[in-house]
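In the part that follows, the structures are each spelled out as structure tokens.
Two complexes are shown next, each including chain A; its partner changes from chain B in the first to chain C in the second.
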Partner chain A sequence: MNGHTLLTQFKSWTAFRAVILLALVVVVLLAVQPTALGSYGIALSRIVDVWLVAIALVPVLVLGEIDLSVGSTMAVTAAVAAQVSGNLAVSIPLALITGAVVGLINGLLVVKVGINSFITTLGMLITLQGLALAITDGAPVPLQDSTRALEFSVPLIGQITPDIIIAVAATAALWFFMTKMRTGRELYIIGGNAEAAASGGISIDTRKILAFIICSCVAGLAGVVDTLNLVAASPTLGSTVMLLAIAAAVVGGASLSGGRASVIGAVIGAIALGGISIGLQMSGLDSSVESIAIGAILFAAIVLTKEGVRALRLPSLLGPLTGASSDHTAAAAGKAR
Partner chain B sequence: MMAHKNSLFRRAALAIAVCAATVLTGTACGAPGAATDNEDWPTIAFLVPMDRNHEYGRNYVSSLRKAAEEHHVNAFVMNSNYDASVQASQMKIAIAKKVDGIVIWPALYGAEQPMLIQAQRAGIPVDISNSQPPEDLDTSLYHAFTGPNDQRIGELQGKELAKLLGGKGTYVYIGGTPGNAAAINRQIGLEREMANHPDIKLLGSQPGNFDKNQAQTAGSSLISRFGNQIDALVTPDDIMASGAAQALDAAGMAGQVKLLGHNYAPVARSLLENGSMATTLFQSPCWDSTHALTTMMDVLAGKDVPPVSYMPLPVVTKDNLDEFTPNGCLPEGYSEPATN
Partner chain C sequence: MSDTQIAPAGKVAPYVPPLRRKFDENPTAIVVTGALIALLLFAAVGLDGFWSAQNLGTLLRNSAFLGFVALAMTFVVVSGLIIDLSVVPQIALAAIVVIALSPHGIAVAAPAAILACLGFAIVNGIGAGLMRGNGVIVTLATATAGMGVLNYITGGAQYSGNTTLLSWIGNASVAGIPVVFLIFAVVAVLAHNLLSATSFGYSLRATGTNRGAARIAGLNTTRTLTLTFAVSSLGAAAAGMALAGYSSSAVSTMSAGYDFNALAAVVIGGTSLFGGRGSILGTVLGVAFVQVLLSVLSLAGLPFQWQQFVQGFIIVATLAADAILRRRGGLK
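The block that comes next holds the complex of A and B.
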């Protein structure tokens, strides 16, 4: 395998731009804020909710759909986890089942009623916000089993806390499902070409409902993890997570038009964005700078696609691209990377 | 083959340029937010839920930075924008930076305990500012609380309401953000005080989420529901009061309905001047942040500090508005009148 083949393979890997951005972030942090890298446990723990929601979105994004209700799903599952029972062994599974039910309703509305996923999940977002306020009576709910919950912030290995281990386990499970299991791989085929998938005998409706269930279930897990970290459920939990998670998934190679998304890419995207956030905060800079940085990174992610360069009509870059073989759209459709 | 390589390299170069521009822009734009880098001074981390994105937060932080400079302290300020998860990680950042002390203005009422335990494990003293934690929080986890007594704010508003209505009448309430400690406690204080005035009836209430436009919508909704039955409108924040004032104005009820706010924001001064607002309470962001700073400095110096220091809350009306500067400090030597 020569250098050119390796380069081509790297370029065609969905998560390649996330890797480049993460490498840039690491280099910049090493130069200006090495403490941020030394405190990797903090950096990872900081982005666990964005990480989980970003991977949750992958099965939905790959179908060319969207789930805007992930943040408020977090709030509702958090409320269920804290309010329903003092026993975490009961309340956590109940919270995850609640997440799955939310996903099932989203999926049924999209598939059976035929409502656009943007509108469906926007409606669900607003409904769940109200539901979270109703369950919590508008006030934070402290966990009754606070002693066990407080153990959640104790590192298990080095700086690695249980929330990071849960995120890694969820990522591994979702990666296995999306890349190694037939049903998961079929999601890529549907997202790449739904007609071809249907003619190949794939049940598009069932797969879509499943994708929404997985998405809400993993978002629900993020809500539970946040609640354990805070030892309380916030009725407004997840309000800032959804857009950051979409940004992480896009930086990680996801295409909002479907057919392409990567679980690993979403994680790398979330870590890169988290690294920027931690680095800037450790430098004592204003939070507005963080927003500017994340916006700039999103622009960079767009630029790193050929379609982005074309859309921006950057003449100096168009030359080399003309005639270049398509490295994403056609090739990626139907392939899980 | 070369074309492909050029394509990748040019795109990567462009991305690097964007990132570099971000860092440079960030450094330049963040200059006012950058921590003072003086190695001889102690560093105190301030975990705040608002900064330049809110008038009170902006004045809290600007007064803090000025006071820190005067007292030779590095103020390391981190804003969580009311995201409790972000604030939890900022506590970890402060611990990783091995700051000398931490002042936390909690983003989520009732979620302080895990953060305080982490700081205690790291041996870093913590004070709480602005939002008093729940009474059942273990007080050994922090040294002191400084800031307003939110329930007292509600009580004072209730007393002023009773005075304005002569002990009899009706009112509507536009509350803060559900779940917010200040919103919860100010309402509790008001309800407790109003229990002493049985002839004053609450007609209805709606949340205004500490937002002018949402308060205006809530105000319009309450006005269309209760109309001329309303004698007074109470809201625990002047920004919301300004939205409510617009709703009253649009309904032709400005001045007829007694409007009570809180904070003495600049907008409240003009509302008091033109008679749209009857009364407000002055909550000084300057007092709030400088007392948080000086109390933590006393803790670091090994001095005994009072476990709770409440901010004086002067009642401001059209008659005494020149005595106080909106968003400023309290007058030198000011103490709360005994009648409050």
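The block that comes next holds the complex of A and C.
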């Protein structure tokens, strides 16, 4: 590793694919939909849910697990926030606790019962979607405390509304936890090599359950923020958010096999993918075009790994797009960004 | 699939009663059989109209529609890919294509529907087979994009039409048993043979047990996994065409929930989500359980809002029971 040029350093940064994508999106938006960048406050508000869910997935993804129920968790917490009590000071904490309970159930099912997390959380996706429908009786529920909710859309600094500040604060907290705190860094070690982590005395089970709880809690926060933004809870919230968020985290450097994921990368990925989604909506295209784009991006984000591109046998063409290879996993534990 | 246990030299294998041995091999299937019998007894005593000829006909017909997908999904689970979420747009695609092309006759419409579905298998095969992406996320991506394409082309419109053959398959009965169910029974036998007695089935099980080892041993795992997705597409196409024949109409939203109900049937039937081993007979049992449950839930008058919750809860509970029973039985 002598050639530490700026370029190789940039390429070994976990989030570098997301930065490239974001730059591309900004350039295209400037050319096609400059208003999206001019009213950046509104644009960011519309992608704040994807942002929050993308960072929520980081602690779970870094362990090589996944939570596909994040979208339904949003719907359930939103339903709790709007339905259970008219007083937001009661219903918002209750909603976040609901999120934590969902995470605890996911974690126990994966760790203690031993079901694959893709399947556990797919099952929970269906169950929680049903629960959200049951709580709301199948229709959107307006917030009773609407004045408080409307204050929520008043810009504080420039165009920055409180929801964006919440997202930034959550990002900072999660970034600090994942990179500076012992427990968070242990998640990287477990994801990189579980056996080594176990023999190093790390309790894998409790760390995994904790990761699922953090994930569902932050997803719950996304549900609450969405409810405040919309001044109503929708039982069908979150199905496209989940897709975009997984794609964002993966574009931002997360590997589905664990060991590598970045909070900052997930945010950059979320803003880039949210930008694409907003650009398509503002261009007046049908929502089906958006699904096609999201599906294509998710597909590309998953298969364009070093291993995947090598299997295509055309390495020189797409090689630079694939990011750090998976043999960085152990090293990533030490210098996770 | 270890039916016989070989005793180490000098030791006699302990006697295991036949029922206990069956339980150890597929604990879930035994538990589910019990639950199914309990459910049927409850329906006989507590629900009016469950045992009527009309309801039983509907039950068998719906079992066949879900059954085509579930049989194919068994192959996906055995291959270690866990689930093919893209069956949802494929079922609707097959139904829409076969109805849109029905004026040209079934000889044109059916092959076109099957070919359209196989397009998904190729993309899934490239993503999850060749490029080794995660099967769940790759098929989630193709399902999302595929549904987008379908909605873009059809604009959400409902298509009507039919051919005499499809309508007969979807609606007719022979000796009180719906034709489509008889076809399902034949397909189940073929699927059992394909999984247990062909070289494709063998490489499939080897790939599902240990993909890396199978590749090193010289099996073409990319081809095996792509063929698995092709089987899944055929199942989805069969279900889509049968549904179209039954209702003489097709719309892009008609197949919601088939992905997860099919997986539930497979897992309830005792096929391991870890891949490598599976049972077609178990899947047939699982399909029966899921459809009887759905029928009981709707006849019992459970509100729509709660049905999805109960269904999801039961699926998660079965998965949990399966995992616990397997660990106790010493299976992985």
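By our rule, the second predicted complex is superposed on the first by the 285 of 337 C-alpha atoms of A that agree within 3 Å, B and C clash if a C-alpha of one lies under 4 Å from a C-alpha of the other, contacts with A are read in each partner's own complex, and residues count from 1 in each chain.
Quick note on the criterion: contacts are C-beta pairs under 8 Å (C-beta built on N, C-alpha and C of every residue); 3 or more make two chains touch, one makes a residue touch a chain.
None of the values given here were measured: they were computed from a predicted structure.
Enquirer: Is A:90 contacted by the first partner chain B, the second partner chain C, both or neither?
Expert: A:90 contacts neither chain B nor chain C.
Enquirer: Where does A:286 make contact in the superposed view: on chain B (first), on chain C (second), on both, or on neither?
Expert: So A:286 meets both chain B and chain C here.
Enquirer: Give one of first, second, both or neither to describe whether A:124 is in contact with chain B, with chain C, with both, or with none.
Expert: A:124: touches chain C, not chain B.
Enquirer: So, A:243: does it touch chain B (first), chain C (second), both, or neither?
Expert: A:243 contacts chain C only, not chain B.
Enquirer: Look at A:46 in the shared chain and tell me whether it touches chain B only, chain C only, both, or neither; answer first, second, both or neither.
Expert: In the superposition, A:46 touches chain B alone.
Enquirer: Could you tell me if A:299 is touching chain B, chain C, both of them or neither one (first, second, both, neither)?
Expert: In the superposition, A:299 touches chain B and chain C alike.
Enquirer: With the two structures laid over each other on chain A, which partner does A:114 touch: chain B (first), chain C (second), both, or neither?
Expert: A:114 contacts chain C only, not chain B.
Enquirer: In this superposed model, does chain C or chain B come into contact with more residues of chain A?
Expert: B
Enquirer: Quick check for you: in the superposed arrangement, does A:156 touch first (chain B), second (chain C), both or neither?
Expert: neither
Enquirer: Under the stated touch criterion, which partner chain does A:138 make contact with: chain B (first), chain C (second), both, or neither?
Expert: both
Enquirer: Chain A residues touched by both chain B and chain C?
Expert: In chain A, positions 133, 138, 286-289, 292-293, 296, 299, 303-304, 309 sit in both the chain B and chain C interfaces.
Enquirer: So in the complex, which bits of chain A are touching chain C?
Expert: That would be residues 66, 68, 109, 113-116, 118-120, 122-131, 133-134, 137-138, 243, 246, 256, 286-296, 298-299, 302-305, 307-309, 311-312 of chain A.
Enquirer: For chain B, which residues count as touching chain A in their complex?
Expert: The contact residues of chain B facing chain A are 1, 3-8, 10-12, 14-16, 18-19, 21-23, 25-27, 29-30, 32-35, 51-53, 76-86, 88-90, 92-93, 96-97, 108-111, 113-114, 117-118, 134, 177-179, 184, 207.
Enquirer: Going by the contact rule set out above, which residues of chain C touch chain A in the complex?
Expert: Listed in rising order, the residues of chain C that touch chain A are 82-83, 123, 126-127, 130-134, 136-138, 140-152, 222, 260, 263, 267, 273-274, 304-313, 315-316, 319-320, 323-324, 327.
Enquirer: Can you check the complex and tell me which residues of chain A touch chain B?
Expert: The touching residues are 4, 7-8, 11, 17, 20-21, 24-25, 28, 32, 35, 38-39, 41-42, 45-46, 49, 133, 136, 138-142, 146, 149-150, 153, 226, 229-232, 234-237, 239-240, 278, 280-289, 292-293, 296-297, 299-300, 303-304, 306, 309, 314, 316-317, 319-321, 323-324.
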